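You will see chain A twice below: alongside chain B first, and alongside chain C after that.
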Partner chain A sequence: MRYALQRIGQLLVVFVVVTFAVLVAMRLGAGGHRELARRMLGGNVTDQQVDEAVRRYHLDSNYLVQYLYWLKGFVTFDLGYSSANSMSVAKLLAPRFWTTALLGIYAIAVGLLLAVPAAVIQAHRRDSWIDRLGNVASFIGFGVPAIVLGIFLQLAFSLHWHLFPAIGDSIYPWQQFGAHVRNFLLPTLTLAIPQAAIYTRLLRADMVATLQRDFVVLASAKGMPTRRILWRHALRNSLLSIVTSVGTSLGGLLGGAVVVETLFDLDGIGSQMVISVLSRDLFTVQACVAFVVFIVVVVNLVVDLSYSLIDPRVRMARALA
Partner chain B sequence: MTRPRPLQTAGRPAEGPLIELTDVRTHFATERGLVRAVDGVTLTIQRGRAVGLVGESGSGKTVLSRSIMGLLPRRGVVRSGSIRFEGTELIDAPRSTLRSLWGREMAMVFQDPMTSLNPLMRVGEQIAEPLRIHLGQSRAEARDTTIRLLTEVRIPSPAERLRQYPYELSGGMRQRVMIAIALACGPTALLADEPTTALDVTVQAQILALLSEERRERNMTLVLVTHDLGVVARHTDEVAVMYGGKVVERAPTAALFRRTRMPYTEALMRSIPTVDDPPHTRLAAIPGRPPDLVEPPPGCRFAARCAYARERCHAEEPSLVASSDDPDHHYACWYPVGTVEPVALRPADPAAVG
Partner chain C sequence: MTVLRRLRRAGGWFAATWLVALVGLAVTAPWLPFVRAADEKVRVGGKLQSRYRLGPGRHALFGVDNSGFDIFARCIHYARNSLLVGVSATVIGLLVGGALGVAAGYFRGWVDRIVSVVIDCILSIPALVLAIVLVSRLDDIRQELPGLGWVTRRWQVVAALSLLAVAPLARIVRAQTLALREREFVLAARSLGATSRRVIATEILPNLVPTMVTVASTGLGLLIAAEGTLAFLGVGLGESWGYLIEANRRRLDKAWWATVFPCLMLFVTVMAFNLLGDRLSRRFDVREVIT
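For the complex of A and B:
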């Protein structure tokens, strides 16, 4: 528990440092706080509106104070005003946040669902045709850029066979489940396949090593069925790299999300961030970055805590630490 | 502490051959060539006996015992000969046949208790899983049996141990757990591959005593692999001495020590530590190197390191034959101990240069 709190503390520091750096970078070089306020509000604004913005966001104070007020806004979901969309950023981003978060979760889940059985079977049947096939598949899955894979899936499943919409709105599972699945399937696959490729390679290598360890041979000598040896004994002892990679590959995944959201016209944080940067929509960019960092922090926390779930020795060491 | 007699041994014949090896060969395909790790072993192991398998490092003890179990790598292994277990041929048996024997009929204790238990599974479950899978015991039954087994292998407060993970136990305790796992389903034969090398000396003696006791009480057959003839003397009925993948001397334990025939066995005996030695005395290792198992020398494989070797030993390979005065004592040697005077080793032979 103390360990968990420590980690949460560390990750909060990461969150603060990154969002502060972004705030400074975006507000730097505006040439005075009235000019900055004008930029943040965008378009034609009256002097009165500028004055109000300066007061509200404390633009005449130093960056640290500005940041603290921004942070206060963030935790109360007061994220400022989107100049490009003439609406509050919170309202703009709420549905987009869910689109990206769901895409990320689906991509990791589907990636693991594809990778774990593939890696276990490949390791078990090492050097057989099925192992080779798996290696080729993960090589391709790893090497193909998300944009190419996405376009390919779009062409094949939407334009050719008309199975899924090529572009669709972000419909949420709590709205219409069937339509949600249909709209999210191809984008999810586009993100999940490269993830699956990474996971498969890592897990296969770990499984191959684990299967040679003494305790696995002992499980054989006890007469345990192959299925039990693979899934109960070997798999759990091979999870370290794959769990770590869920955290480390998240950056690539979020990069892919930008591509996928744009390609499949899903309104998400990724695509919104690009649009907002181009239109110099400062509040929105700031909030998008904050959300992305938030997702990264949460996933890394989950990854970190799952080491304890997997390995009692880690649990022990952390309890003593 | 009263120890319930295990039930599983009922109804089995008490005597007769259990494991019959005929010209067993286990070779490994490697880049260097075929490694003849076990190269023509013929041996019969009687029911209920304790048989020692001794030899230097690399002589093939582990490979032989794993060959008997059928626990060899799936690929790159060339096997021939015959291994019969209770009459069933195992050499080319499908894995399903082996799996039906593993745990139930033959069980194994490995050398290193630190690496042989699953680090992420509770000790109790590791003992209980063969009980549940092989004997169909319910969760509660398996728990009771597990506690009984842990008591039997003298683990204190067994009910608490069940919930512990291997890292929470000492090496000796882990080896006791390994023995409990091996004994769980009442196997006919137990193969123990250097079960105490990884433990400290006082614990070694306890573990060996435990194994011997279990063997007697359960009328189990024990194959005890070791490089220590001292262990053999105390804990076995018969011994097979291995060198370069072959059995070079085989005898009832008492006969082997009373009248050693193979010069190699004699050399091994000189390397037994005695109680008079101060602790950590370096053992008198046999000079020279073990033979190349890819291209074994012609003649006797030990000839290059043998103080008694003559021309014939380098040219012609002796086969394992019964001694004229003791039909149970077999050895493979042209000039057994006591028949010729030792000579200087041939320095020209590169294999003799240690």
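For the complex of A and C:
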């Protein structure tokens, strides 16, 4: 419990420092608060509107006060006004959130589906040709840039075999399930392959170590089927490394989502962020970054706290500390 | 085992050859007879070959693009930007990240606490998101503040990418320094009366070099990929492989060469740096690699 509070405190500090830095960075350099308000509203605005924006977002006070008001807005989903889209940022981002969230969840799921069997088989048949093949594959999967992978998948699947639309519109699973799968398959694969490579590497190393432990030797001496040893006992003892890798690779996944959403024309948080950066839409960019950081922080917290649920030893060690 | 070792050695040689050839071509491109200028249009028999008319072949090795530019020539010329940006960012990352990491790991206390919080903060923002926002903000700030006229887009990209390189390097160096400072040889040096500066310079830093070189090599690949990605998204350099990919990818069905060859250049270069990093990590027995 004490550990949990400590971690929550640390991550809260990270979140506050980052969002504050983002706010300062976004608002720095405009000469005076009226000019800043004009820029945040965008386009032609009357003096009256400028005055109102200054009052509403407290632009005439210092950054700390502005930040506290922004934080209050963030907590209550009042994220400001998107000048480029003439609507509130919350309204703009709400549907886009689902696209990115689904994409991320699919990518992690598919990544795990690819990685877990590969890692278990590789660890079991260590140094065999299948292990080497897996190592080469995860080496390439780890290194390939998302743009290149996405283009190659487009080339192979949608142009050569005419299987999927190269350019997808985001359709949600509760609307048309078939179209949803067709649209999300290639983006998901593009994101999932690098993830799978990272998971495989870590899980394989952990499994190799686990398979050398005494209880595995005992189990096989007892005559327990290999399959049961591998998938039950060894895998369960290596779960921590998967959970860790999902947490640590989340940043890369969200960065990849920016590329993939742009490449496959999906309307997500990532592609919206690029558009907003290019059109100097300050509120939207700030909200997107804060949102992404929030997700990274929360997921890492969940990962940290789930250690003690998964592994009783961690729980004991922390209770004693 | 021998097969694997031979394969790995072949990979290392391939990586080294590719990188040497690429650097050589990129540097000497303006004087090479078989490389057109980046803005020279391809003509066959006096006729302009625009609108992807020419595929890969005798007249243009990688084909032409919509305006009739030679894709091969552009790939070679633009390699300069990728390599220059990647190497500059890595050097800055090594210097700044190394200094921060050593300071945090060696002196501990409040230095360590501040550096650790800063690293945690930087790493909590997805690298690409950080780079996008940074480059675009530097665009505005450059225009608003006087005296920054010399800052070009290229240096903005370098600045953004070096920030990405600093955080992981500082974290790894800090962890290594924490372990090294407890070792006997450091204790020995200190009990002989060596100052902190001397201990760092003669005992700690030489032991950090293998890790830093290894991490920097893999990191260089990642940074070049990031440079291409920034250009692809429209926030990076216009003269970049990533920009070529973005400009031509909508015509993938009509002219695959205009997209595929820049993709391959980016892919092989990134993989070459990764292979190099892999070789080095085996050579120096470095376990920690950036994920």
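Just so it is clear, the second predicted complex is superposed on the first by the 310 of 321 C-alpha atoms of A that agree within 3 Å, B and C clash if a C-alpha of one lies under 4 Å from a C-alpha of the other, contacts with A are read in each partner's own complex, and residues count from 1 in each chain.
Criterion: contacts are C-beta pairs under 8 Å (C-beta built on N, C-alpha and C of every residue); 3 or more make two chains touch, one makes a residue touch a chain.
On a predicted model such as this, the values are computed, not experimentally measured, just so you know.
In this overlay on chain A, chain B fits alongside chain C without clashing. Judged by the touch definition given at the top, the superposed model places A:143 against chain C, while chain B stays out of reach. Touch criterion met: A:213 reaches chain B, while chain C stays clear of it.
Rounded to the nearest 10, the angle at the Cα centre of chain A between the centres of chain B and chain C is 90 degrees.
With both complexes superposed, C is the one of chain B and chain C in contact with more chain A residues. By the touch criterion defined above, A:233 lies against chain B but remains apart from chain C after alignment on the C-alpha atoms of chain A. Contact with chain C, but none with chain B, is seen for A:155 once the two complexes are overlaid on the shared chain.
By the touch criterion stated above, A:223 is placed in contact with chain B alone, chain C being left untouched. When the shared chain is aligned, no partner comes close enough to touch A:178: not chain B, not chain C.
Touch criterion met: A:312 reaches chain B, while chain C stays clear of it. Between chain B and chain C, the minimal CA-CA distance in the chain A superposition rounds to 13 Å.
Taken together, the two structures place residues 127 of chain A in contact with chain B in one case and with chain C in the other. Against chain C, the residues of chain A that register as touching in their complex are 10, 13-15, 17-18, 21-22, 25-26, 28-31, 127, 132, 139-140, 142-148, 151-152, 154-155, 159, 166, 198, 245, 248-249, 251-252, 254-256, 258-259, 262-263, 273-274, 277-278, 280, 285, 288-289, 292-293, 296-297, 300. Taken in their complex, chain C has these residues touching chain A: 1, 4, 117, 120-121, 123-129, 132-134, 136-137, 140-141, 144-145, 221, 225, 228-229, 232-235, 242, 245, 249, 252-253, 256, 259-260, 263-264, 266-267, 270-271, 274, 278, 291. Remark: chain B residues 69, 71, 75, 99-104, 107-108, 110, 112, 115-121, 129-130, 133-134, 165, 167, 178, 181, 184 touch chain A in the complex. In the complex of the two chains, the chain A residues touching chain B come out as 127, 213-215, 217-225, 228, 232-233, 236-237, 310-313, 316.
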